[in-house]
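Down below are the structures I want you to see.
One chain, chain A, links the two complexes that follow: it is found with chain B in the first and with chain C in the second.
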Partner chain A sequence: MIQHLIKLIWNRKGSHLLLIIEIWASFMVLFGVMSLVTFNLDNYRESLGFEYEQVWAIDLSRNQDTVQTAEKLAQVLQRIKAYPEVEKVSQMSSNSPFSFSQMNSSISRKKTSTLSDIYYTDENFEDVFDIKMKSGRWYQSSDSVAKNKPVVINQKTADALFGTENPIGKTLDDNKVVVGVIDNFKAKGEFTKNEPAFFQLMWPRSEEGKIVLKLKSGTDANFEAKLVKDLGSMLVGWTVEVSYLTDQRQNQHNLALVPMIVFTIIAGFLLLNVAMGLFGILKVNIAKRREEIGVRRAMGATETDIQKQFVAEMWVIATFAILVGLLFAVQFPTLKVFDLASGVYWVAIVLAILIIYGLVTICAFYPSRQAAKIQPAIVLHES
Partner chain B sequence: MLLNYIKIAWKVLLRHPFYTFITLFGISITLTVLMMITSFLDHLVGSHYPEQNRDKSLYIMNLFLEDSARTSQMGGPISYDFYKKYIETLKTPKRTSVSSMITSANSYINGKRIKVSTKYCDTNFWEITNYEFLEGKPFNQTNIANGDHVVVITDAMREQFFDSSSESVIGKMVEVDNEKYKVIGVVKAGPVTRILTFSDMFFPYNLPKSNYQRTGLQGTFVAIIEANSSSDFPEIKSEFDNNVSKIPVPINIGNTKYTIIDTHAQTYTDTMLYGVFHQEIGNKFYIVVGLVLLMLMGLPAINLVNLNVSRILERASEIGVRKAFGAPTRTLAFQFIVENIFITFIGGAIALIITSVGIYLFNRSGLILYSDLTINLPVFGVSLLVCLVFGLLSGVAPAFRMAKMKVIDALKRQ
Partner chain C sequence: MITLNNIEKVYQTSTIETLALNNINIDIKKGEFVSIMGPSGCGKSTLLNIMGLLDEPTKGDILIDQKHVEQYTDKALASLRNQKIGFIFQSFHLINDLSVLDNVEIPLLYRNSSAQFRREAAREALEKVGLSNRMKHFPNQLSGGQKQRVAIARAIVGKPDIILADEPTGNLDSAMGNEILNILLQLNAEGCTIVMVTHDESMAKKTHRLIRLFDGTQVY
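Right, the complex of A and B next:
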């Protein structure tokens, strides 16, 4: 059957070549868009690893003020803690979650190393973001006097450095000791990859960076205005900027979503275009083959047989096109282009194949049904 | 005769509304996508308000420090000090200006927070950019010398901060980040995508919060150099490179010795891409964009060719009759060319309408703050031409084959 179909197609290879090129091009476009979509959705499935809803970040910059900045900052932290609206407060480096600031460095142990995001935080960080410990504990301010500086890592860093070993209590190359492990930490939002993360006690407290605070629910912008005014009078000449983590998360999301939506819309239009074109071409082609259909019907083929033949022919053509497309597409997972996990590409390939077959079937269905309805007597009489 | 061809083409279009729809849909959507993308690119890199001098300007945005082994790298905007020493002293440019990278600050009015983008700039900034002053004037050297707390705001900010009454806001105070400033000018806002000149508020560069006193090569500033014409670019570039080469190395920061100072005066596109790819891209960028556009065009074009090739047989009897009455091949081919041009122009007209609506909606949507996308007419022309070529390819090649057909075969077909 298939052999026969291939023979039929081969006999009309001239006109089918263009069809194959068209389906191949659609496959490539679909593969590209699906890779992007799969990558984003794959990331989205993984949990964030922290809570952000009631959290604000205050960006402090001391500008040209150099007088007793550390003391001023300590006072500010005390003052913020004293507000009844504030539940928890913590100081950290400028790369707070969802911010556009990033800090990374290579962390090594024995002969393995991994590029990891570095966060300097104080002991309250865990409470502000409601981070669940997977094992061990978060560091305390009392740890600052310890000989080996304590650090907390996420599971991704633990996997890279320790494999299956239990990392708690082990030291790293620069004599830091791991005291706790947390699960995911996707600081740039749900659509980003879960990267290795590394938390270190901020000691001595930095004179710049950010203050993150968790508020009681129901706190509004009036408190924010009051807070900024109070801080402004304590920190003359400093820049004080409050942002909500929910807003910053939205910005990060837009960064991932806007390209995805734009490409999906463009690809959608292209495919609609192709689908309508295929539909038209099939209609014309089938109309040209009325005699052949008439003969087959006269020889006893049922309506379903005719319909099956045309749909199957399209499938064979689509398969040719996809095979050519696969030659290009498999280069991506094997060569690890753009440094994506190869699984993303494979899923994208499968999705693209499914969509192509779906599209082709839909386009072939109606014209082939019309073809099946042809009355042999009329057609054979015409010729 | 031409009118007759167009009449025939029109009748052919009406005979199969479905196929007509597919063809027109293909042409117009392809053109729309092309025009939207190119108008967006033009919005990003072209010379538009407030940077109408962009095509004769060079930018110095990034300065990278590298150690000799090229293992450690530190990149970022330049410092005011660097501008003062190595850029302001350039002799070839018409003028130079320094302004800070955009920062943001908060302002509170009646319990409502306003997020304000802030920029610190010198007086030349107002010469190099073409900001249109709706009220007041820019700050001048006297303001700078006195260290006045003055600010130029955009019309959008005027609406946010002051009641929309028609009285002038010049001389009124705005409070940003716990400090009060006197408004001395109101400008029409520019789009947020022009990141080197966009801001909601502009302050004199020597206010303390701009951190202009910071020493070292790196800071928060960007320099814009306006040349007399773009033919001066090579000279300005080499003069700047020469200045940079005089900076004593190594520079010690922390434990690292940086020996390579990598900073260049570049055109706008190069400046933006240099930060990402860290090498001069130049025309390669446009080649890549062109290839992507070609890919986008390719699919509908193949589709069109396919459909036309399949459908040309429909016209066999017509060709047969015309040939039997003595029409030469040339005339028939010409007829099909006219038909294709006609269809392409209809598609183009539809695309123009869709694009206008799309761009209008996009500008209104606020996806890009104060965006001012326009239909790029040269681009529209080129896309139309490309579409025409594909239309001709798909229509004419089969038409020629048909036109050469023996009369008897053509007539027999139906």
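Right, the complex of A and C next:
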């Protein structure tokens, strides 16, 4: 039967061309959207690697103040530590988690190197973000006197530079020594990829950058106001800006989610259009083929046979379109376009195929049902 | 083979009610060649469609091989049409987008038969109507007589017990019409039961029996 339908469709290919193009276009759009969705969800499933609830980041800039800035900063850190609301404090470079600032550099060892995000932090960073060590330890302030500067890397960096070797105690090309390895570190939020990261002791303490602090639960905006006021009086002429990491995380999420939602909506409208088009074309098609339906019924086709035929024809047409689409789509995983894991593309291809078949089945179902109900005696009488 | 008892057919449209058939009693015996004649609109096609289980009577019984079919499901009726009955129509009703061979195969698609078997059977049927040299053609590349021969091949490909032909020569000139009649006579001689609607007295004379309809009723 399928052979018969393929022949029938092939002989009518002219009139099906538009339909094939429409389905092909829908497939390509779906493939794109599904790649994006799969990529984001795939990332989302990977843990962040740190805790951010009740963590605030204070952005300090000293502006024109040049007088004893280091001392002022030390006092500020002491003051913050002294608040009963504050659990942990740490100072770090401006690229605090979920911020829109980023620093990266190539880290190399022997002949391998990897582009890695670089974070300068003090010894308390681990505590503020409740980071679990995978092996080794976080660096201490006492490490500042060591000849080889201590660094902590994440597993991604370890994999790139050390492969299966244990990185603890090994030195990198610039004589830094790895003292600890942590698991994931997805500083730009759940929807981003887990990229290589590299942490280094900030020494001497910079006068710029950020202070990150973990608060006791239940701390609210009243304390924020108090904090800003106190720091303002200590740091005359400086700019002090407090952000909640939960808010910043939301901003990062929006950055990932908004395009996904927008594309999904656009694709949804497109598919709705195509679906209505398919529905219409099928109805016209069936109206034109009443005679054929009558003949087939007279020759022994049941109502179900007729209905199946029209649904199956749509599947054949959809299959033509998908095959053409696959020619394009398989280039993405094989050429690793956009540097995404090929698995993302394969999943997207499967999802797009399923959605296309689902869509044409839904669109074909009702008109085919109507075709099956056509009375053979009447249509054979018409012509 | 086909028995009709007290068949009545009423077409109901929103404005009018047409009594297309009234109190029809017909018994078609195995091996017969029966012709049906009557003026236009007297209900010949309606009668043939009811015999062929394409249409349901408003009243009356239909028996195929002594079995009542009124309660049959769509599936059972389709299977009877497929196995027992071959249709030939005045306007051929071939599917233009399929080759002659593919058209002839159609009844076999609704049975469990292999592609190989379908091919063979369709070739054989086309040979029988003298069209083996046109198998790859498409219907619109054929003359009217050739089209009707394709339709006959399609009707006989499934080796039905009975052929129902509704004015099979109505759209053909007399030479072609006679050619078609000869094929039908030949099929009948080979044992196929045939019921044919015709407007041509001379053709009707060549059949075993004539049923005349007038205004939906049997005249004799």
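The rule we apply is simple: the second predicted complex is superposed on the first by the 383 of 383 C-alpha atoms of A that agree within 3 Å, B and C clash if a C-alpha of one lies under 4 Å from a C-alpha of the other, contacts with A are read in each partner's own complex, and residues count from 1 in each chain.
Here, a contact is a pair of C-beta atoms (placed from the backbone, for glycine too) under 8 Å apart; a residue touches a chain by one contact, two chains touch by 3 or more.
Not measured: the values here are computed from a predicted model.
Visitor: Could you say whether A:V284 touches chain B, chain C, both of them, or neither, answering first, second, both or neither?
Guide: In the superposition, A:V284 contacts chain B only.
Visitor: Which partner, chain B or chain C, touches the larger number of chain A residues?
Guide: Touching more of chain A: B.
Visitor: Touch test for A:K229: chain B only (first), chain C only (second), both, or neither?
Guide: first
Visitor: Figure out whether A:V67 sits in contact with chain B (first) or chain C (second), or with both, or with neither.
Guide: Neither chain B nor chain C is touched by A:V67.
Visitor: Considering only touches as defined above, state whether A:A82 meets chain B (first), chain C (second), both or neither.
Guide: In the superposed model, A:A82 contacts neither chain B nor chain C.
Visitor: Under the stated touch criterion, which partner chain does A:L18 make contact with: chain B (first), chain C (second), both, or neither?
Guide: first
Visitor: Figure out whether A:V145 sits in contact with chain B (first) or chain C (second), or with both, or with neither.
Guide: Neither partner.
Visitor: Classify the contacts of A:A377 with the two partner chains as first (chain B alone), second (chain C alone), both, or neither.
Guide: After superposition on chain A, A:A377 lies in contact with chain C alone.
Visitor: If we overlay the two complexes on their shared chain A, which of chain B and chain C does A:V295 touch? Say first, second, both or neither.
Guide: After superposing on A, A:V295 lies in contact with chain C but is clear of chain B.
Visitor: Once bound in the complex, which stretches of chain B touch chain A?
Guide: 18-19, 21-22, 25-26, 29-30, 33, 103-106, 108, 111-113, 177-178, 208-209, 211, 213, 295-296, 298-300, 302-307, 309-311, 313-314, 367
Visitor: Could you pull out which chain C residues touch chain A in their complex?
Guide: Contact set of chain C toward chain A: 45-46, 49, 52, 54-55, 74-75, 78-79, 81-83, 87, 89, 91, 93-95, 97-99, 102, 105-107, 109-111, 115, 138, 154, 158.
Visitor: Considering only the defined contacts, which chain A positions touch chain B in the complex?
Guide: Listed in rising order, the residues of chain A that touch chain B are 15, 18-19, 21-22, 25-26, 29, 63-64, 220-222, 224-225, 228-229, 232-233, 237, 239-242, 258, 266, 269-270, 272-274, 276-277, 279-281, 284-285, 288.
Visitor: Taking the touch rule as given, give the residues of chain A at its contact with chain C in the complex, in rising order.
Guide: Residues of chain A touching chain C: 1, 3-4, 7-8, 11-12, 291-292, 294-305, 375-377, 380-381, 383.
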